[in-house]
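Both complexes shown next keep chain A, but they swap its partner, so chain B is in the first and chain C is in the second.
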Partner chain A sequence: MRFVDFLIPETLDEARAALEALGDRGYAFAGGTAFQYVSDRPGATAVDITRLGLRGIDQTDGGFRVGATTTLTDLVRYQADGWVLDRVATRIPTHQVRNVSTVGGNISRLFPWSDLPLALLVLEGGVVISDGEEQTHAALEFFTAQPLNRFGHGDLVTAVTLPAVSPPLGFGFKKENITNAAFALMTGAAAITLDGERLAKVRLAANGALAVPQRLTAVEDALEGRAADPSLFAGAVEDGIGGLDWRGREGMSDEFARHLGGVILCDVLEQALQAAKGEAE
Partner chain B sequence: MDKVKEFKVVNKSVDKIDSMQLALGKPSFVADLVPEDALIIKMLGSPHSHARITSIDTSAAEAMPGVHCVLCHENSPRHLHLTAGQGYPEPSPYDTAVFDYKVRHVGDRVAAVAAETAEIAEAALEKIEVEYEVLEPVLSIEEALRDGSPVIHDEPDVSHPLPVPFQPEKNIVSEVGMKEGDLDHEMETADYTFDHFYETPYAQHVPIETHVSFAYLDAADRVVIVTSTQVPFHCRRIVAQALGMDVKKFRVIKPRIGGGFGSKQEMLLEDVCALMALRTRRCCFWQLTREENFRYGRTRHPINFRLRTAMTAEGVLTGIGMEAVCNTGAYGGHGLPVVGCCGSKVLPLYRWKHIDFDAKVVYTNLPVGGAYRGFGATQAYFALESQLDEMGHAIGMDPVEMRLKNHIQEGEGSPVFAALGEGKAGVEMTIGSCGLSECIKLGAEEIGWGRRTLPEEKTGRYRRGLGLATLMQGSSIPEIDMGAASIKMNEDGSFNLLFGATDLGTGADTVLAQIAAEELGTTVDMMLVYACDTDLTPFDVGAYASSTTYLSGEAVRKAAAKVKAQILGVAAEMMNKPIDELTVRDANVVAADGSEVTFSAVAVYSLYERNQFQIMDVASHITHKSPPPFSAHYVDVVVDTFTGKVKVEKYVAAIDCGTAINPKLAEGQTEGAVMNGVSYAICEEYLFDSKGRMTNANMQDYHIHSLRDKPKIKTILVPSYEDTGPFGAKSVSEISINGAAPAIGNAIFNATGARLRRFPFTPERVWRAIREQSTVPSPSPEAVLSI
Partner chain C sequence: MSVEKAIRIQLNGESREFNVTAGESLLALLRRSGLTGTKRGCEDGACGSCTVIMDGAAVNACITFAFQAHEREVWTIESIGEYDDPSPLQKAMVEEAGVQCGFCIPGIVMSVKALLDEIPNPTHEQILENLDGNYCRCTGYEKIEDALHRTIAETSGEEPQWTR
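Let's look at the complex of A and B:
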């Protein structure tokens, strides 16, 4: 994307007004890393949103609110009980990208390699959008379609929310890539809530070999209410992922993509179960 | 080992002489030096892998404001030439025109524009109207050799400068081979025989600096070409040939190079830059984009092997038959020398009595192969060292023991040396220095070889494996390569050291300065190095064939020895002493009685005081042998048997490079080559669509390892002394890329029992190999394999 102009508003209202006035030509710009995948458009104007006070992580009642221009490096460095996004962000390459890329940018356009949306999906987080007033959208609903299509001119993502993770809630995340600087071949995320020895709630999502992050509800349904027994995972995953459109990339066949998806999903379910039992590191 | 000597400058890790200028970002590279008013060149590349241009209309592009010149086959000279920089006459065909009426791979030159800005040039390219007659492409070795296959080089003026088998009508660039003993009989009678096929993939050098050049006319109307090249003198000769002009018309200057690895042993941009400068009388600048570098730049040749071997029940290697078919892509380039090195740099490593080597090079409509660090040996070692591992496993012999038992030793020769040269017979040679046994033993100790268990003993999802490969390479091309150097003394006792050799980031300038300083009895900071400028510096074939330290280094040492003799002569006159009582030490001439004069005083005396003359000299050097460095590579991997992912945890490279002129730089060369080799083995490959178009021609989709992927690497320098090299040195830079693929493949087998005869070892390929092997083969005579 080549921009013809670059605006630097000082307040959220100014930024929203600028974007509203620019219409299709206006682009909220923070880290800017996603724009290498956006086609040129005549008159494209960047609206810098990095000075609007949207950067930072706050603890809320039972969770966290992460400002939209918080960088991925901020996520890696932040430490608090129940904080798990460091595990996700640290697997987003590279250092240089993490230093500038922001939470808002990572979730506003979905790619096969989008990682934060997976975590927000399984943790049932929220996405806060301002159209003059802030409204929180459930991630489960927000990521069912390309998020940018939901935005009106002038709408801005201002934050995401997510719960603190501690037993009986456990979280698992895993990513396979060709090199440590490459996008994911396959990414999986899982959240499990235990009720004693049973799986009270299972949330599972995958990306990489799927076009966009997807919840795997068939697997979730197959496991919820059943015993917290990892030996059940492989069968449920095998039965539950067959109908998905697994696409091999980077020389990987569709067949292997599906196989890899199955392995990674079992891995993240095991991670999540272990964490839900309080056995994780 | 007993020849290892103590030196004052050599064998010391002095700082690279250009390190500060590079660290400070001083203008050093071609793109730093381009005049601001230079025209920008952009190229129209072919969208087809095989097509004839039936019409081309450049008028709209030429009419655009800001466009100064448009070149295509209709307005450029046609003198078929070879883009590869090699000894002359070259062992490769003249099959390339500046622009041709036919395109032979996606990205091949169609036209080029020189304009005031890159944007104007790119817009002009879109105005060029080209009509193609699309031809059936040849997209594999098998298709190239099939009867009735389309002929890629059907132009009537294609030729070969040497009398070698060249059959363009069959898409065959060349063939080479040799026989020793009776392999067929040995394969019938030996205790154990093996016969397998191996495939090695395309790969790109991926230097940080893509191909880049600019050219302008000087006040005398000569064409000055400033370019990132490993071969300035070859470049000058080839540009002159391509444009049908005299060599004297051109001057080639090489500033610092931002990485080459063999890719810049090729004249890819310079002819167009020169022609544009001649047509426009403006400076014209061209740098390839990363995508162009993938499509139009050079690659590692993919080579298919059939390897047959024979051995006794005691593990004595007796016979080898290597059939290699090399895909050189659309142009002949380095095809013959590369496939020749499959034999010459590989077969002599072990003491075979029966040898059959049969290799051919074929054209395809795929990207063009070129020189790439390792140069054929990389590919062939994958086949040989993989099969050696199978041989040892078949009789239950430890791979370390098998190699110690069979490798070539000091004082031994090989019929391969005399049989295989570059486009002609080779040179008979015996090994003068060999530290391979010690490399094997020290490497085994460092990797912890004693804890290695057999694959059938391993269980669980994550399995650890250890692998080994042993290697040799060469040091220059005997009786073909030549290097030269000149040294001139200044009145402060410093020296201008000029040579035609090229430092492509390796530290060669520093190494050559160390050699000169050692011989002269001074320090590196007194050596003022300049290289390379074809108007000013002596000839050198350039940086390839592991030649710079060994070949150019000896030219430098000889020049320094001549200058030293002059210094001693002047000092003898100054001190009134017999010359044979004088020596040099710490930038002084010292007499037997302890009296001394400084180098500065000697220089001032010779320049200003009596019997004045300039203390300076020049020396040239050719070699009559190509002494191999030797190396043992060990790797420790963990394989995820569920996903097929291979993680290299530790890599040990023990290397005998003779005297390491600069041990830190030698370690750097080794580590860099190991990283390069691991990357090639694990993840690098060209992906093509059904039309022969590369689908991953960018750094997002073509993966290379970076420091983020670096395993723990341990380099062990094993000293030896090569009498024919400068201060005992051999080469170091190429050999260490050759070990990763076979060592990792062997480690995967050791971890899982799955044998891969094709790489890169991507997760899917490894997963399939694990899945497809029904049982882990046991060490027994039943494991004898034959096809």
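Let's look at the complex of A and C:
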């Protein structure tokens, strides 16, 4: 994206007013690393939102609120019981990019390699949008379409929310790429809530070889209510992912993408189950 | 038609004012200002040759717009040492043969400086994490790691947490 102008507001109200006045020409701009993959638009103006006090992570009742301009490095370094986004952010290359890329930027435009949306989908997180007043949207609703298309002029993501993860809730995440600094070939995330020896709730999502992050509800439905037995995962995954549009990239065939997807999804389910049981990974 | 606006950057310890357009990268601004030690490599945020330190963090100048540096502190390779008075890391790079063609080295030095400023005696894993965005296509990293090992021993006053 080539911008023709930039604005550097100092308050949220100023930023929202600028975006509202600019209409289709205005782009909320934080780290900016995703804009190299966005097509040019005439008259595009960047509205720098990094000085609005939206950076930081707060513990809330049972979870976390992460400000929209919190960097991926902030996610990696933050430490608290139940915090899992460090495991996701540390796999987003490179350290220079993690130092400037922000949570809001990572979730506002979906790519095949988007990672944080996967975690928010399986953890049933929320996305906080301000149109003057803040409203929290469920991640599942927010990521059903390209998020930016849903924003009104002047709307701004101000934060995301997610639960603290501790048994009987467990989280799993895995990403495969050719090199540590490459985009993901395949990414999977899972969250499992146990009720004794049964899988009370299963949330599973994949990306990388899918066009956008997707919840895999057929697999979830096949597993929920069943015994917490990892030997059940392979069959449920095999049966549940066949209808998806797997697309190989970087030399990977569609068929292999589907195979790799199956392997990684079983791995993240096993990770999540282990964590839900409170067993060390 | 791009609008030109004034920004102010604390550049290598000196307050400087620049007129920039929205589309100008920090890399382009630095190089037209004579700071050509910051290298133009991939211009895609992948190779790390253009790494500078902004507000204490290593960033790719090629995918950072100049306006993002407004009222921020930016340090480039020119601030690290002189030809006749190199920093310990630069000296170790030369003496441990960590430099072959040398193109990537300013970026590697800036990435490592950002790390050592924060963690004087990092683990090997932390070092590898902080080199994930710096490509070297001729030295092969082994000699670079030798130089880092030596630098950490000299500057931290401690035995490095890893062995070569």
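In this section, the second predicted complex is superposed on the first by the 280 of 281 C-alpha atoms of A that agree within 3 Å, B and C clash if a C-alpha of one lies under 4 Å from a C-alpha of the other, contacts with A are read in each partner's own complex, and residues count from 1 in each chain.
Heads up, the rule we're going with is that a residue touches a chain if its C-beta (ideal position, glycine included) is under 8 Å from a C-beta of that chain, and two chains touch if they have at least 3 such contacts.
In this text the structure is predicted, and so the values were computed from the model without any measurement.
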- Give one of first, second, both or neither to describe whether A:E176 is in contact with chain B, with chain C, with both, or with none. first
- Message: In the overlaid three-chain picture, which partner chain does A:T94 touch, first (chain B) or second (chain C), both, or neither?
- Response: both
- Message: Looking at A:D5 after the superposition, I want to know if it touches chain B, chain C, both of them or none. Which is it: first, second, both, neither?
- Response: second
- In the superposed arrangement, what residues of chain A touch both chain B and chain C? 93-94, 180-181
- Message: Considering only the defined contacts, which chain C positions touch chain A in the complex?
- Response: 1-3, 5, 21-23, 44-46, 48, 51, 54, 57-60, 63-65, 67-68, 70, 111, 129-130, 132-133
- Message: Can you tell me which positions in chain A touch chain B when the two form their complex?
- Response: 93-94, 176, 178-183, 185, 248, 250-253, 256, 259-260, 263-264
- Note on the structure: In the complex, the residues of chain A that touch chain C are 2-6, 8, 32-33, 36, 45-46, 48, 50, 73, 90, 93-97, 99-100, 180-181
- What does chain B use to touch chain A in their complex? 642-643, 645, 683, 685, 687, 696, 700-701, 703-706, 708-709, 762-764, 767-768
